[in-house]
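Below, chain A partners chain B and then partners chain C, in two separate complexes.
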Partner chain A sequence: MPPALLTTSLVNTIQIGSLYALMALGITLTFSVMKLPNFAHAEYVTVGAFAALIVSLSGNVNPLVIMLAAFIVGALVALVSHIAVFKPLEGREVSFYTLILSSFAVGLILRYILFMVADYFNLFDTRIRISLQILLREGYLILTNIFFWVVPSSILLVIALTLLLNRTPLGREMRALANNPGLARVIGIPVERVKNYSWLLVGGLAGVAGALWGLQTAVSPLMGWVAIISVFAAAILGGLSSFAGTILGAYVVAFSENTVMLFLNFNFGLDLAYKPAIPFIIIIAVLLIRPQGFTELIKRAGDLKR
Partner chain B sequence: MINIDIGATAVAILTLFGIYSLMAISLNLEYGVAGVPNFGQALFVSIGAYTAGVTYTRILPLLAGVESVHPCGPTMGQALQLRSEVMAAQPVAGFINLALTFLIAAVLAGAVGFAVSYVTLRLKEEWFLALVLLVGGETVRIVVRGADDLICSHNGISGVAQPFYFLGDPRSSSLMFMILCVTLALIAYVYSQRLTHSPFGRMLKGLRENEDVTRGLGKGISLARAQIMLIGSAIAAVGGVLFALNTGFVNTNDYVVTLTLDIWVMVVLGGIGNNRGALLGAALIAILDRFTQVGAIALNMSGSPIEFNYVRFIAFGLILLLMLRYRPGGLLPESPLTTNAHDVARSMLQPRDERS
Partner chain C sequence: MFKKVLTAFLILMLIVMLGAATTAQDDMETYVLGVALPFSGNLGTFGQDFARGVELAVSQVNAELDAARSSIRFEIASADTENTPEGASRAVSTVVQTTGAQVFVGPLTTSEVLGAKQFADENGVVIVAPASSGAAGAIPGDNIYRVIYPPDVFASKAYANIALERGHENMVVLHLDDPFGNGMNEGFTANFQAGGGGEVASFAYTPGSTELSSEAAAVSAALAGFGDNAGFFCVCFLSGAQAFLQVAQIDPVLTSVQWMGNEAMTAEEILADQGHAQTLANADFITVSFSSESTPLTQIFIDDFNAMFDKDPGIFTNYAFDAANIAMLTMLAAGNDGAAVKSMLPFIANHYIGTAVQAYLDDNGDQAIASYGLYQVSEDLSAFDEVGAYNGNTDTITYN
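For the complex of A and B:
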């Protein structure tokens, strides 16, 4: 594989891996604190992307404003789905499959509402409008300002989230809830309020991820849904409980989808059509062989269930 | 305005009802009765459809005694024409081919279902099985779509004619096909009713309620789970063959997670654990499906900017949420199973003075 191609794929790995990390942390957080494998997470991402797109179409808007709009809309949609759907189910001790099905249903509804919105305002295959500058062009490799929006923003957000979980009272309460909900309630943690904040946080981060995702590719009602399996693969690599593991998992998934895939394509002629199968294979392999993922490798750093 | 042909609509709805019933009965046996969370139903349905795609292009010409043409690439059109000619002129070859398709599809899907149940033994948490099945189905879909020769990758196989195509008149041939679908669905229903009420069915329900107790009673639970997955998957594959014949083509795009969700909607709507509920759910979804199609065409013709098809998915999501929240047992909830032994025991437990 020529070095230029390798560099390009590594740049992609970093960019996409950072976005996967941002989305997968939300999945890990929902699973740990709310005990819910939330497939509707995909649609919080898409909702955020559409919010960003609509704001950006109004003219020359600062990307920070766009990201803020995506955060707010994503957060509100997540909170509404919690209050309208998941919270009423929580009280009834329903089976896990009821929760999975409900999250699928929420995702389905949001996805097709977005289809209607996109259809009505004629927003199919539109990019979020920000000024594009090419910073470096060398052979295959083209670096634009988008890379320098996407990567530092996601890394900063991941760091901020980690600090929030480890250093603030809210973070401590969230971790307590993740560890032992009954005990958390007994010692007087305002469980409902912490859950509401967690949902806002999860939805907001997903929304920002959507906005950043929409900077690099066209916004579509299916974009979150298409990415969700890769994101779940990352979260599963993190054992669905470890923050550091999830971040590592996100880069591993992005690396396999970009660099490893390109390597296999170049050296063994494997068709690029098989690329979507990579996260699937990762999920199946991890669940069968090593369901704890990376958690034991990095027990110390940033584990929610310390 | 569009004119709705009531006869043809009824036939179309009943055909869908038959096909959906097979899928719903299969999921109901697996999840409703035995508690195996099959979130990969689309995989087992698709095995049936892919099998039809392969038999119609490879075995049918052999049976008809004509030289087969490679179905993909430049000879695609020629192969399609050959299939149509054979199906129109040689009904016997068509029927033998269909029987072989059912057989191969059921055996293949059953084997996959059986194998999957061994995966469950290795999983740390039970819900991982749901995820593995969901993801496994998608993986198979991507691999089949990537394979150039099997069903011509993303082009799929068209002209998979239903077996009564030779009748010529579309009204009578679709009527006959409807009867075939409904008959197969009813056979599956009677079979699953008998299965549910047999000692094996009671053991599966015990397994669903409490694995440890069932194991403690000396029942081999892994074999039981493997058996029900085998039976359920085979039924789903038969449904998949009919599904492909009904639409007339086999394409990997039809067998996505949304299809799995459709089948779950049927079972949740009708009643989890009740075979009659599966039939009811299938019937309601078949009607809803047909009416959203008609509505979509009507809305499109009236010049509306919004696609009515989106409403279908939103409606499905709402049905799922409302049922799970307000009527988790479904429209026809499962009734407790009683046996003769149960009645005898109850009469013995009654107070003495009441009996005398």
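For the complex of A and C:
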């Protein structure tokens, strides 16, 4: 594999892996706290991207403002979907499978609302108005302003989420709820309030991820849905419970889709059109061989550190 | 007594009137025109606009039939192809089973058309596709008629000629992994190599992909491997083209070679991004696009569309309008019968002049008149200017 190709693929791995991590953390958080593998998460990502697009089209191209708008809109949409759909269903104590199906339904409804919005305002295949600039060129290494927005933003948000979960009362309440919802209620944790905050956080993170993903591609009503399989593969690699495992999983998926895929294409002629199969292979392999994903690995690493 | 007589008279009148109405209705014959287009998915906007074009055609034909006191009226039965081959097959079969439609306008893309082909052929249903051009759809004797847009055998030859004219010894192709993309890639490769060109490295990507950084890296490496005098040919839909341009614009190899690309890359959304527009201009990007020459009916169509829908027709919407007219004229001549329509349609199409070019079908039932324009980014990056023409029938390129 030529060094230029290897370097580019590794840069892509870091950039795309960071975005997958940001998207996958929301899925892990939803599953941990709300016990729901939420397929509507894809649409929270898309909603964030559209919010970012509309803000940028209105003339504001400050990435911080764009990300803030995406966070707010994503958070609100997630909260509304919780209040309107998931909360009433939980109240009726429906099965796990009904909740999954309802998340598909919420996703579909949101997606087609976005289609209507995009059609009405002629927003199909429109790009967020932030132009690409090369900020660092060193040999084969080329890093752009998008890289310096995507990677640090993702890392900072991941750190912020970790701090929130481990160092704040809300984070402790969330973890308590994740461990034992019944007990959390008994000891006086305001379960509904904590859930509302969790949904806001999940939607907000997805929204920001959508804005950053939109910088990488074009904004379309299907963009979140197209990415969601890779994101779920990352979350499943993380065992759907470990945040560190999810982040690791995101980079493994991105590495497989970029560096491994290019290695196979360059050396063995494997068609790049097989790239979308990689997350499916990962999901099946994990479920067959190591259903707990990286959870045990991360736990053992933590034990060793102690 | 008077009341009884009056009641009997009224009942009698009612029966006579109902009978007359029933007889009048019995005399009226409704022909169902099926419409199978992508109303959802990334091509949903195209599908909805195409459907409006069909609706306009049907309303105009019905008005003429009414004025002529004909007993035939057309009715539309639509279904969403969801922009997939399976969806197209499902859409056509659903409309046939629920309404008995024998003739369809649509689907849109070649992969959708091929998806619906088996059902259409087996059930004697005729498909009049307004915009499909993939070489894989050029099949003699089937029930598919592609009446407006010529098949890509012409365009792929034009691209090969341009590549050879530009002195490219080897080429790298990035293409959609669908019948349209694969057909264009195969046609281009065959024509390029037949004309004396060297190696062609092809990379396929999955339709719907929104992130193509791996593909860009692979294309760049292949171009670097070929050295000087290599060119790049992109066969992408708009979203793929944008995703590719986003990463290609900073690639030192991709920004140092000449590019060609299919007409989806000439969308105004591409030029809306200055970086993308500049990349295409620097790469001497050229595209070959079917030139729909204006006829006296073009402006009338635009005005009528505006009057009916209070908006301008979208790009290529007139193809759907023309396809619907050809389908309905054939049904009026041959009756509401798939086999008769299949037999009659080439004759009607060959005598039809609509809002685009005249239709003239080849042995595959495809448009045989192949006039293309060559387009490049204008100096101020605001539009694609016509810089020449390609006549597919004589295989000649002329530059302005």
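Note that the second predicted complex is superposed on the first by the 290 of 306 C-alpha atoms of A that agree within 3 Å, B and C clash if a C-alpha of one lies under 4 Å from a C-alpha of the other, contacts with A are read in each partner's own complex, and residues count from 1 in each chain.
Throughout what follows, contacts are C-beta pairs under 8 Å (C-beta built on N, C-alpha and C of every residue); 3 or more make two chains touch, one makes a residue touch a chain.
Small disclaimer: the values here were computed from a predicted structure and weren't measured.
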Fit or clash - chain C, chain B, common chain A: clash
Chain B versus chain C as contact partner of A:Asp271, first or second or both or neither: both
Partner chain in contact with A:Thr8 - chain B first, chain C second, else both or neither: second
First (chain B), second (chain C), both or neither touched by A:Tyr112: both
Partner chain(s) touched by A:Pro152 [first = chain B, second = chain C, both, neither]: neither
Contacts of A:Pro190 with chain B and chain C, given as first, second, both or neither: neither
A:Phe280 touches, of chain B and chain C: first, second, both or neither? first
Where chain A meets both chain C and chain B, residue numbers: 112, 115, 119, 271, 273, 276
Of chain A, residues touching chain C in the complex: 2, 4-5, 8-9, 12, 15-16, 112, 115, 119, 124-127, 129, 131-132, 134, 142, 144, 216-218, 220, 222-223, 226-227, 257-258, 261-262, 265-266, 271-273, 275-276
Contact set on chain C toward chain A in their complex: 40-42, 44-45, 48, 177, 203-206, 208-211, 213-215, 217-218, 220-221, 224-225, 238-239, 242-243, 246, 249-252, 267, 269, 272-275
Contacting residues of chain B [partner chain A, same complex]: 31, 37, 39, 119, 122-128, 130-132, 135-136, 138-139, 142-143, 145-146, 153, 257-258, 261, 264, 268, 305-307, 310-311, 313-314, 316-318, 320-321, 324-325, 328
Complex contact set, residues of chain A against chain B: 37, 85, 88-89, 94, 96-98, 100-102, 104-109, 111-113, 115-116, 119-120, 229, 232, 236, 271, 273-274, 276-277, 280-281, 283-284, 287-288, 291-292
